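The structure under discussion appears below in the form of structure tokens.
Order of writing sets the chain letters: A, B, C and D. Residues in each chain are counted from 1.
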Amino acid sequence: MDFSLNDEQRAWQMKARKFADEVLRPASLARDRIADPAKTIDWDIIKQGSKLGFRTAVVPKEYGGHAIDFVTQALVMAELARGDSAMSKAFSQCWKWSHLISMACTQDQKDRFLKPFMADDTFVLGKGITEPSGGSDNRLPPDDPKAGVKLRAVRDGDDWILNGEKTFIANGNVGKLFFLDVRTDPNAPLRNAVTLFLVPKDTPGFRVGKVFNKSGWRFYQNGEMIFENARVPHANVIGEVNGAYAKSTGDASGDLFGDLELAANALGVCDAACEQSINLARTATQGGKLLKEQQVVQLKINRMCALTEALRSFVMRVAYEHDQRAHSANAGLVMNLATDIIQEVAELNADIHDSAGILDENADKLVRDAFIWSHLAGDAVQRMKVSRRVLK
Amino acid sequence: MYSLHLSAEQIEFRDMIRDFVAQEVKPVAIKPERLEPLEQPLLTDLLEKASSMGLRTMALSEDKGGAGADALTSCIVAEELAVGDVDIAAVLAETSALSHILFDKLMSPAQRERLLPAFASDDRFHLAYADREPETDTRIGVAYHQKRAEGRIATKATRASNGDWVLNGTKSGVPNAPVAKLFIVSAEAEVDGKSGPHLFIVPAGVPSLTVRAMPQAKRAFHGIGGAVTLSDCHVPADNLIKGDAALLDTVRLHDMAINLGIGRAAYEAALEYSGIRVQGGKCIIEHQATATRLADIVISLDVARNTVWRAAYASDHPDAVSDRSLPDLPLAAMARVFTSTAVYRAAKDAAELFGAMGVMRDMPLQKYIHDAFICLRSGDGNADAKLRIAETLAGIRPA
Amino acid sequence: MYSLHLSAEQIEFRDMIRDFVAQEVKPVAIKPERLEPLEQPLLTDLLEKASSMGLRTMALSEDKGGAGADALTSCIVAEELAVGDVDIAAVLAETSALSHILFDKLMSPAQRERLLPAFASDDRFHLAYADREPETDTRIGVAYHQKRAEGRIATKATRASNGDWVLNGTKSGVPNAPVAKLFIVSAEAEVDGKSGPHLFIVPAGVPSLTVRAMPQAKRAFHGIGGAVTLSDCHVPADNLIKGDAALLDTVRLHDMAINLGIGRAAYEAALEYSGIRVQGGKCIIEHQATATRLADIVISLDVARNTVWRAAYASDHPDAVSDRSLPDLPLAAMARVFTSTAVYRAAKDAAELFGAMGVMRDMPLQKYIHDAFICLRSGDGNADAKLRIAETLAGIRPA
Amino acid sequence: MDFSLNDEQRAWQMKARKFADEVLRPASLARDRIADPAKTIDWDIIKQGSKLGFRTAVVPKEYGGHAIDFVTQALVMAELARGDSAMSKAFSQCWKWSHLISMACTQDQKDRFLKPFMADDTFVLGKGITEPSGGSDNRLPPDDPKAGVKLRAVRDGDDWILNGEKTFIANGNVGKLFFLDVRTDPNAPLRNAVTLFLVPKDTPGFRVGKVFNKSGWRFYQNGEMIFENARVPHANVIGEVNGAYAKSTGDASGDLFGDLELAANALGVCDAACEQSINLARTATQGGKLLKEQQVVQLKINRMCALTEALRSFVMRVAYEHDQRAHSANAGLVMNLATDIIQEVAELNADIHDSAGILDENADKLVRDAFIWSHLAGDAVQRMKVSRRVLK
């Protein structure tokens, strides 16, 4: 049992903390306030972070990346999220790439896509699952072949012709390369009917639809992706045709990473909330006394800190288990629980500000960002999915 | 005798407003551009239309041109309006409540004669009570269960040589300020040789009274609000109000009713959606997980409404407390703590059923959460309200 | 017209019972040996005394010797009694509720004439409804939002050659069974050539009807309960009940009132203690932490009571639903989910203020938690109740 | 970062698990049902556990103990508590001794008390803080000299004469040796007025009063201790006269250990609750289908498992931090949070049984045991105490 960090982990943590303090946090509220959802991203921040290695942190070393382990990933995501949750996600969203590429892509695919990704500081990635007809059936696939993924690909010689839509796709409007779940068998149940494709932004027949106007995580944009006879070469298929869902339970699973990502990011938001409340309690006064002298404030801060430290302990344990390739329900559990914790902690922080008579835009932003977890990490379907694994 | 029957008029009124909301308010209010929690101009046309239906003067007594609605009826109306648009509901409820206190109770006959006709005949005539000041701390906080100093009012009213009152000071967070044509302003003044807090009637539209609208992001209440600055603002001697100022200190019951309306809007959207949205081959309402969530929502809203109505009844019928039909507890404060907590939770639960759509600014669910959040933080907040309630339990009654 | 005034009689009744509880019940009930959650004999002397005050026959109509109390009044009484002793409250409430349904509604005049005098004149005469059977599963569970098979009754009634009905079967978890002198038993029977469920009147005290008292640890309700076995139990032909059996299917509102009484007892103990117990040189009620806790408790109990009373009113006045004064929702089920959850939480919160004393079996707080826990798990539990509520919602769509 | 256990830790864990499965759990409900609170303890269980080393696990090796580290302690407490929470506590209650003796006692004291403790399998220990006037003021000592500890000791030659009472004292009626907080200065505020004494059971003038009849943790008895001119030699003073509170913030603090103890024990109860619910969901049916197929059951089990795993992660982290002597608010936070978690998990377990129509005495016992945490680990005073440390 050892909770200490090695030098490399500590160095990444410190680098992320500094970047969060000096670059992300100072820009956080200004980006959040931008009304046009397509204009919230700041490419200069992406570039600065990329140069520090945050965009390419997980790429294997032989391709010029840093190949940081899961523990380091968790540390970096939490530190960046302490500065701005959506900015942290904008970097970590690129990390799934490294997981997929190192585990599932062919050498040719690695050459064609990893090299430009490494070379361009504004090259960001996306993955498309959800469609206008919904996302939950893709998470807990029912047997009905009509349920789930409707974006259709039909083989045409060496190419596939794609028709359909993806929606609510992170980086959908700004990414340069996408991983897409596409239905390649219209008659089979979802788990045997979907193929994973690599689709570059400049694919003919692909265009970006609307950019979604989210109440939180505004820096991190989501868009609609429209495919009208879009032509993708067969060489861009990852793994087996109709094999996307089989893959996704193994090491190549983006979800495995995604669970940890949402939990680690939530931890950073909780850290920011605790920091805000503790600072306020130590400095603001009411009736001539410091807030921290009031029992109701003490009780709330106790709850915030206890939940945050429990989440930190759980996140770091799951990161360690990932590094050991020890698969369990823990990644799912920590992601689900992160939803409850980030929201309670963010709301208590806003509450402490409110009862001090302070309408704090930062505190409010954390509440809005935290609500994003409801559908990404903690809705009933996601909880049941993890539970079914426990109950198997 | 205990009875939960509403009167035929109350039900009719409710139906009328429900209809108005469904036909006229909702189609405008759920337009994507109105759902952002940013600056949103008040829907003045609809506000005027609602005024012309009598909702602006509803609480004013019938002999003065109103409908003489009691607090319960006012709550029913405010909730229904808020299902459509919280801001319209809030502005109307505020003017209506003030019109009753002001014209029916506080004003002298002469004042009323002078000011009522303009108010009664103008659908755009709103009222505002300018009391809170930027530096005022009304919270109990550290002073819980201790003697508290009397609140001091920084705004001053002095006598001019012509007998006019001259007001100087700044009020902040005044509901209705940007649309009010008449203000009731609290100020420190010497009357009959004694200094103390007094109320003054101050008409809008004079250069010595300036209103600065609050950014909506800064509001802790619905409707529209602003800061009011009085700079050597002269009002006639007769604009001093001699009635009992404490009448204005009652808890704003209509705030809770508006809060209920927000919850209702979220619940109705969730219920409808859960019968449309298919998952695993079934409407989501057919799944236990959704069922349980909807049941939680409907229970908490229904229980909250019952609590708000009781507080409204108690405010209309203090004899029900004195004859021990109702407990001698701060029912309105208790209703507010319960309602604001329950509705915020309900709005979040409702939004969760919408998946990613629950967080989109052009969709209504995030607005309901935001609106409920404003109620949660309104006034001095629930933490402080609980301290007040506990003081009552301990036998410490506010004066 | 909406009114929350209680009648003078209701308030008088409440005061009388409050007094009886304070003077006679509480001193016995809080004796250390009565606080253990183990086998506790019913306080039969007090039960009889309460019966002699008319509480056993309260709901029975006045012309039949009762007080004709409605559901609301019965709830008020049950709560007050339960503040003193839950089991007395439960036994009396059960008999009282059944006496109204049985003698006022279900029985034929001939049956009434035969059976009422003995019931009315005997303070120890209790009633029991023997319906549930060991293998019955009344839960919705997996069948949520699906067609469910009709419940089957394993107990059978057949005709003997002399015209008697002969009953065979076992009923389980029957409230009041060990003290009942008359049972209403549901059984499958062929009447007028058609087979179906029917109700029979079965007197206690015959060898063919045996009662086995349930261990108190196994109860999911307060009072006293047991299993009833009928072995070739003969009853006269006229013991078949022809009235509407559905009258017995109403939710047991008095259970919720008893639940409130448990919460009241915990709250009153906590409030008193918080004014006595000193910490850091001050009574604990003077600390914000205690204040907040007490406020939470009082809010949830008060809100719950209001909800229970409304459900009681709705059961007395179905017209208030049909005229849309009250929503067409399962108000009683909703009240139960809310109340049982709120009271359990309140009892735990109250106990926490007592420190180690909150867990001692010779002190009352742990008993209140235990009693509230029984209410939480009563019936088919809250998880199932929520599914039932959601099924209603699925049939009621807002416009 | 390493969550794995070394061989010794694993061996202790397995030994405790076996003992819990074979001895504690089978006896658990029967001991719980005994009505007389003075008769619930089973000395045979204590003896068996003692022979396996659980009673003396923390005694330094030079005195014949096992000197297990904090991580091992946490593992053992959780495993034993999975069998029976109160039985686990009956063993771990003896462990404070080792902390105190190794850090704070003189050689003479070690010789006089540690030897008989090691030699006698039924030699158990207690510590007396709470008095009839309350315990909270002793946890958050106010300045008023009248507040807190009233058990008074007056010097008489080489002895001290004790008068007063302790109440709710764990093992108070069955222990053979006690650590007592005694007021040795009537005029000073608590923090400078209390001395820690070693008081053997056979001290003249000391007698046991009532045995408390708790609703939970019945195996683990609590008693009243009455001192009437009880004579204790000065040689039994631990540390400095009037110095008990100064000591208790350092390594010799029983509280540091106590925080972890309550959290680790809670973890074991949560494990038992999850196990019960998962087994039930996998085997019991309703309407012809396994319970585990119902969404409401899945959601509850998700919550139970997520909270339990979060608690496990936090407990193990705090144990590690203790082994590093890294003092922080974490021990207090995990103890406070354990209160919320153990109660929610135990109540959900009972709820799952209830809605399956099963009144399960084991499930009910866990709820009663869990409520003990309210006053031991999670009341407002304990939470505020930890919070003040955070807010310092």
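Methods note: a contact is a pair of C-beta atoms (placed from the backbone, for glycine too) under 8 Å apart; a residue touches a chain by one contact, two chains touch by 3 or more.
From a predicted model like this one, the values you see are computed outputs, not experimental measurements.
Does A-B or B-D have more contacting C-beta pairs?
If we tally the contacting C-beta pairs, A-B comes out ahead.
Measuring centre to centre with C-alpha atoms, which chain is farthest from chain D?
B
If you average the CA atoms of chain B and of chain C, how far apart do the two points sit, in angstrom?
40
Measuring centre to centre with CA averages, how many angstrom lie between chain B and chain D?
52
For chain A, which residues are shared contacts with two or more other chains?
Counting only residues that touch two or more other chains, chain A contributes 294-296, 299, 380, 384.
Which residues does chain C have that touch at least 2 chains other than itself?
287-290, 292, 383, 387
If we count contacts the way the header does, which residues on chain C are in touch with chain B in the complex?
Against chain B, the touching part of chain C is residues 1-7, 10-11, 72, 144-145, 271, 275, 285-286, 288, 290-292, 294-296, 298-300, 302-303, 306-307, 309-310, 313-314, 317, 319-320, 323-327, 329, 331, 334, 337-338, 383, 385-387, 389-391, 393-394, 397-399.
Per the contact definition, I'd like the list of chain D residues that touch chain B in the complex.
294-296, 299
Using the touch definition from the top, list the residues of chain A that touch chain D in their complex.
Counting only chain A, the residues touching chain D are 1-6, 9, 71, 278, 281-282, 292, 295, 298-299, 301-303, 305-307, 309-311, 313-314, 316-317, 319-321, 323-324, 329-330, 333-334, 336-337, 380, 383-384, 386-388, 390-391.
Using the touch rule from the top, collect the residues of chain C that touch chain D in their complex.
Counting only chain C, the residues touching chain D are 36-38, 137, 139, 141-143, 217-218, 220, 277-281, 287, 289-290, 293, 348, 351-352, 354-356, 358-362, 366, 369-370, 373, 376-377, 380-384, 387.
Which bits of chain A are touching chain B when the two form their complex?
Touch residues, chain A against chain B: 35, 37, 130, 134-137, 140, 142, 144, 147, 167-168, 212-216, 222, 286-289, 293-294, 296, 343, 350-351, 354-355, 357, 359, 361, 364, 367, 371-372, 374-375, 379-381, 384.
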